[in-house]
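Residue numbering begins at 1 within each chain, and the chains themselves are lettered A, B, C, D and E in the order written.
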Amino acid sequence: MVTTYYFLKNEIKKLSIKELAQVLQGKEGMLWVDLDAPLEAEEETVLVSLFDFHPLAIEDCQSGASEEGHLPKVEDFGDYLFVIFNPVENPNVGENQSSGRGVEIRTSHLSAFLSRRALVTHHYKPLRSIQYASQLLTKNPNALGRGPDFLFHIIIDDVVDNYTPLLDSLDEAVDRMEEEVFRSPGQRTMVKILSLKRNIQTIRRVAVYQREMLNRLSRGEFGLITSDEMIYYRNVYDHLVRMTDLADSYRDIVAGLLDAYLSVTSNNLNRVMKVLTIISTIFLPLSVITGFFGMNFQHIPGLNWEFGPLFATLFMIFVAVGMLWVFKRNKWL
Amino acid sequence: MVTTYYFLKNEIKKLSIKELAQVLQGKEGMLWVDLDAPLEAEEETVLVSLFDFHPLAIEDCQSGASEEGHLPKVEDFGDYLFVIFNPVENPNVGENQSSGRGVEIRTSHLSAFLSRRALVTHHYKPLRSIQYASQLLTKNPNALGRGPDFLFHIIIDDVVDNYTPLLDSLDEAVDRMEEEVFRSPGQRTMVKILSLKRNIQTIRRVAVYQREMLNRLSRGEFGLITSDEMIYYRNVYDHLVRMTDLADSYRDIVAGLLDAYLSVTSNNLNRVMKVLTIISTIFLPLSVITGFFGMNFQHIPGLNWEFGPLFATLFMIFVAVGMLWVFKRNKWL
Amino acid sequence: MVTTYYFLKNEIKKLSIKELAQVLQGKEGMLWVDLDAPLEAEEETVLVSLFDFHPLAIEDCQSGASEEGHLPKVEDFGDYLFVIFNPVENPNVGENQSSGRGVEIRTSHLSAFLSRRALVTHHYKPLRSIQYASQLLTKNPNALGRGPDFLFHIIIDDVVDNYTPLLDSLDEAVDRMEEEVFRSPGQRTMVKILSLKRNIQTIRRVAVYQREMLNRLSRGEFGLITSDEMIYYRNVYDHLVRMTDLADSYRDIVAGLLDAYLSVTSNNLNRVMKVLTIISTIFLPLSVITGFFGMNFQHIPGLNWEFGPLFATLFMIFVAVGMLWVFKRNKWL
Amino acid sequence: MVTTYYFLKNEIKKLSIKELAQVLQGKEGMLWVDLDAPLEAEEETVLVSLFDFHPLAIEDCQSGASEEGHLPKVEDFGDYLFVIFNPVENPNVGENQSSGRGVEIRTSHLSAFLSRRALVTHHYKPLRSIQYASQLLTKNPNALGRGPDFLFHIIIDDVVDNYTPLLDSLDEAVDRMEEEVFRSPGQRTMVKILSLKRNIQTIRRVAVYQREMLNRLSRGEFGLITSDEMIYYRNVYDHLVRMTDLADSYRDIVAGLLDAYLSVTSNNLNRVMKVLTIISTIFLPLSVITGFFGMNFQHIPGLNWEFGPLFATLFMIFVAVGMLWVFKRNKWL
Amino acid sequence: MVTTYYFLKNEIKKLSIKELAQVLQGKEGMLWVDLDAPLEAEEETVLVSLFDFHPLAIEDCQSGASEEGHLPKVEDFGDYLFVIFNPVENPNVGENQSSGRGVEIRTSHLSAFLSRRALVTHHYKPLRSIQYASQLLTKNPNALGRGPDFLFHIIIDDVVDNYTPLLDSLDEAVDRMEEEVFRSPGQRTMVKILSLKRNIQTIRRVAVYQREMLNRLSRGEFGLITSDEMIYYRNVYDHLVRMTDLADSYRDIVAGLLDAYLSVTSNNLNRVMKVLTIISTIFLPLSVITGFFGMNFQHIPGLNWEFGPLFATLFMIFVAVGMLWVFKRNKWL
């Protein structure tokens, strides 16, 4: 589906593809063309026939259809910039963390062509940030009027804002994991920690690539972004710096949790070993004592003595208590 | 609350907001405007109406109200610099370390706008460094007279000085932890080490960001800081280099403590295993000996012998002592 | 075997070596000379006599005959570029992973000389990418007509595309390994993880060297690659960035698997220890009880009592059940 | 104590502070002023009144009085360079390593102001390098005659030379530790390794900071060091490169020792477990055999047989030997 | 011993020191002066009197006499370059790896002064690369005729080629170690792995320093190396890149072996624990059963029954087999 927004004289009009072709002949007004899950024919018409973008850029757009997609990047084609962004699809990924191996964070794919007059966005899956920008335009047409670079900044700012709930849920997941490691570490704890670690790595990687991209966008490296707008891109950059910083600190914490988990496991082993030692220490000697009086010698002293069994029992209790006392003193209990 | 200090002809005057507006029309004198936990209306009046700062910078100011705040940064808006600093709130964090999971270091938020004539500071929580600067002004009006950049250096120098007790308490906490690991490692030792490690990481991160910021401020990258003052900023930079260096060495030590803790745990396991081995080695054979003479064969030699039991007992003692001797020789005891 | 493709006026002709010598005298047309497992005499004729390449570059070509070959590199000799690329030989390496120590990834060797008019490729083993380019030429002669740099880009793009099945099979191998570690870790699991890790390192290293090379090729550092073609080289560069990124994430996962494997092993030890403890805890005391009544004292109470054995048995069951209950309550079971 | 050396016409004269003031008015001769544990009044006179150094630099000088001191640095004040160096105090630190937790390396503090005509050194503790330079001057007055930068190079070269015995003793300590880990690892081995590691980190850090400083001094960054002298500074730089390289290799070795120690501990555990297993394997079955013939059944075969006990004994020996044989074959012994 | 080769008009002549002095007055011909284990007097004559090299460079030469020597470096003295190289002494170090703690790689010391007309090499130990170059000169005088920089490249190329057998033997040592870790890990395996790791680190360090040096030599940083020769230096650089790459991969493998060794050790512990558990599980209950019938109660049922012992035996076998079956089902065997 192709939606075209046309800004002229403080008004936003939606254009058909035919009208778009006409407008492109002219030199007036600002354009935003959004290709939402476009058919191949639509891609052909808009990207190739109307805008004549570079085949390699279009190929990169279409790589968004595959599961892996394309890493974030920005490329300067002279007349236009080509940008790939990775929005997140499932921001509540941390929520389901507790059940089994957890959900893996998946990133979506947003391609954009940014020229003096037009912004062309291309995505196969519906994106909230696009919706948000489209709603904003109806309220404030000037968001497009200030130029496609300003509108584009609004979209990616929203994309980055959408990472926030994801980070929050990771934060909670980290806290829950900490609780679990120290309170009730189980068989699946390790699996969960590794899954959490992987999600943090994913989010970190996405953030780092996009941070570097925005660093370039906000540094004035590309002429298409006016210096007035650069400060806005710097703002998005700051958000991504914050994100990578958070991801780094989560990563450190999770690395610590891994150590802690192994330590807790090892402590458990120690406790079990201590119980085992105590039992052996107490009952093996007692066993020998009973064995002693169970020998079939005819002359074992005291066998006929009336208080023999009592004495033997008391002796055994004495041995057991004595050993426990030694253990206590050595702090092995 | 808005407090305005106005320096003119070697004197400091406090201005009302109205007077401030007038002074801003003129070209004389130096200004320091401090917004301490300002109302939204005050922010509107001072930051927007009077000084006309960039909306994004004001937004960053206001992000200090959230718990996470904003990472330290410096941004050049041409007429003014916008700086965010992270003072620490609870410098005695190491003190409470010993009780449970320890206190987490929290950082506060100080925003500042620095122009030729004016320094505007903005913070939601009362800060000792601001208080200190304000007291200094009453004694030495020239601290503002030398320019807002000089006054600003005084404030951030004090902010950085306030990290010192924090680092001292971390130092003590590291020492205490070392004591604990090698003297009496317990169930909670691991938790404490991880908590300490996290605090060190936090302080390190804050110091690194601010160090980089001060490196830029002291390098002459920004025209607003005169080259005479740059040496003062270099001084603050040196303090932060020292801080990160200390944090690095603490981090190394804590990493070593983690290794040491696991090693101590493992040694404990070894000791317990040795005790277990010794007991088994001594009492299992004795048990077999008593069992031998407890068999109901009619022709076991010596059953009727008067000194049989004595002999058996001596034999058992001989076996036990012999085994202990073997152990001693092999250094297993 | 030397195959020579000559593009002139939209046509591709295959040339003999004699014809090649003539064409090289002239100034028209584009050339692609492919040396597939060439004899030494052929190398001598083409590389030395006809093209007069630098002896060191020819030596590097020939190092491809050894098992280790040469790392990817690009060198500017003024009139021509000399490039070494490492295609992979066995892209289905991950498949056989499950059997024993796995197959090691082996890289092949493709050398190329790239000048204004000619591309000379040199390899000792048949390469699919060369075949692919040769077939393309029959269909689309212009692929050579656009210049040797365009044709060369097609070849290395295909080389890099051939890494994809390799990465896919590594991906599957990582998944299978994850399954194995958490479901049925065995004696050989560690060996397999290390072998997988090594393959990932190999692929990562190859990708990183080639990425750096393509970065230089696509940055316009070498005059021989026209700025129109640079964007195509950038495209290959992007693929390699994606590859190293994937390899990095696989490496992280495998590092996690190593930790997980050790943790699973350690958990198994814990479980075995618990069983051992329970057995000792239950049967050692019972053994002492039977021993008690097996002592040969004449006055042990209850020996003549009719329900003595029953009572003793019940007492033993009571002790056993009580101990199990204590264990249950302490969550040691 | 202030000592002033004045070089004029190939002669060295010691000056009083008064004479120094006069000489500073003139333009002839070279000066070296050494402040050895100066009184505050002396610092005031020399650093402030006579030379008028920057207050921040003087403050940094005085920070040498605190235990932590200041990290090495160099700062250009236009007319003079301000340099802080960290000599080591106790170069034989490795020696005492073997006793307990070892001695921590402590660094001292040497500040220097270097101008065209004068070198001012400042330290609170007596330094051998200063003594050495002072003795050299009596023998070879020209060492000052070649300029303060030449004399300063002599001092810091000697400071760096004084690290050598420290590194040698660390080398020996590493060797001794290796011996200990593999021959007789004890309870305190871990503590010693960690202490050694910390000392290596300390020395490495000091070397790295000073190396970077000397890199800047020898690169011609500062106009005050003539290009003829730069080669001498380069020489000191080379020594520090060698030092960090050694420290790096020691660090690697100590990291290996930590691994080795844990491995040795784990091997010990294994050996103890094997002994335990063997004992249980042999004596538990024997215990059951004796128990079998100790049962009070009236019809156990062979109880009345004359060779019953002999047979039972032989059977028990057979079982024991058989088990040992199985163990031997499985290489568990 | 001083050997001087003098190239004039396509001929090589050996000169005495006297002749050398004369030739140095003139401006014709190329020179190679080799100081092989020179006496101090010879060093004095050649390096100081004849060539007048910088005292610091000569000092660095002489540091080759000490065991530690000097790290590789290159220094530009304007008229000449001073270069230190580290050839390896014992390239078959990997061979002896299997016996005990292995041989440590030792590096030798080759200093060289390279000027427009002359190459002066200086070494205390005989070097194969020097021999090789000297033999080459008799066959091909032009090797010196092309300039001292060409001859020097031949020497260091041979030095680097001499690392190859060393790397091959490390490769074999790594393979052997892998075999040992997985087949028959023993007490000394850990020591051997650490020794191997250390050798790899040494070789890596030497290669890295020399790689950086050759990078500078081949980049045209030094005017004394003509741009025609730079490509040859680039070739040596490539070899060193390959070397560090190999060393890196060996290091990764050895790190993996360390993990593997610990894992194998831990698996052994697990296996021993399982055997122990099985024995206890089977024989402790049997012991209780025999104990039951060994109690001296008069009314234990079945004591007088003819098939009592048989029944008891069968019951014991039943219990043992049942437990083994449970173990089998739980995959603990």
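Methods note: a residue touches a chain if its C-beta (ideal position, glycine included) is under 8 Å from a C-beta of that chain, and two chains touch if they have at least 3 such contacts.
This structure is a prediction, so every number in the text was calculated from the model and none was measured.
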| item | value |
| --- | --- |
| Minimum number of chain-to-chain touching steps separating subunit C from subunit D | 2 |
| Inter-chain centre distance, subunit A versus subunit E - centres from mean C-alpha coordinates, in Å | 41 |
| Inter-centroid spacing, subunit E versus subunit C (mean Cα positions, whole Å) | 25 |
| Sequence positions of subunit C contacting 2 or more other chains | 262, 266, 269, 273, 276, 280, 284, 287, 291, 294-296, 300 |
| Contact graph of the chains (line, ring, star, complete, other) | ring |
| Ring order of chains, beginning at subunit D and proceeding to subunit E | D, E, C, A, B |
| Subunit A residues within the subunit B interface of the complex | 182, 231-232, 234-235, 238, 241-242, 245, 248-249, 252-253, 256-257, 259-260, 262-264, 266-267, 269-270, 273-274, 276-277, 280-281, 284-285, 287-288, 291-292, 294-301, 332 |
| In the complex with subunit A, residue positions of subunit B that touch it | 54, 56, 59-60, 68, 70-71, 73, 75, 77, 187, 190-191, 194, 197-198, 201-202, 205, 258, 261-262, 265-266, 268-269, 272-273, 275-276, 279-280, 283-284, 286-287, 290-291, 293-296, 300, 302-309, 312-313, 316 |
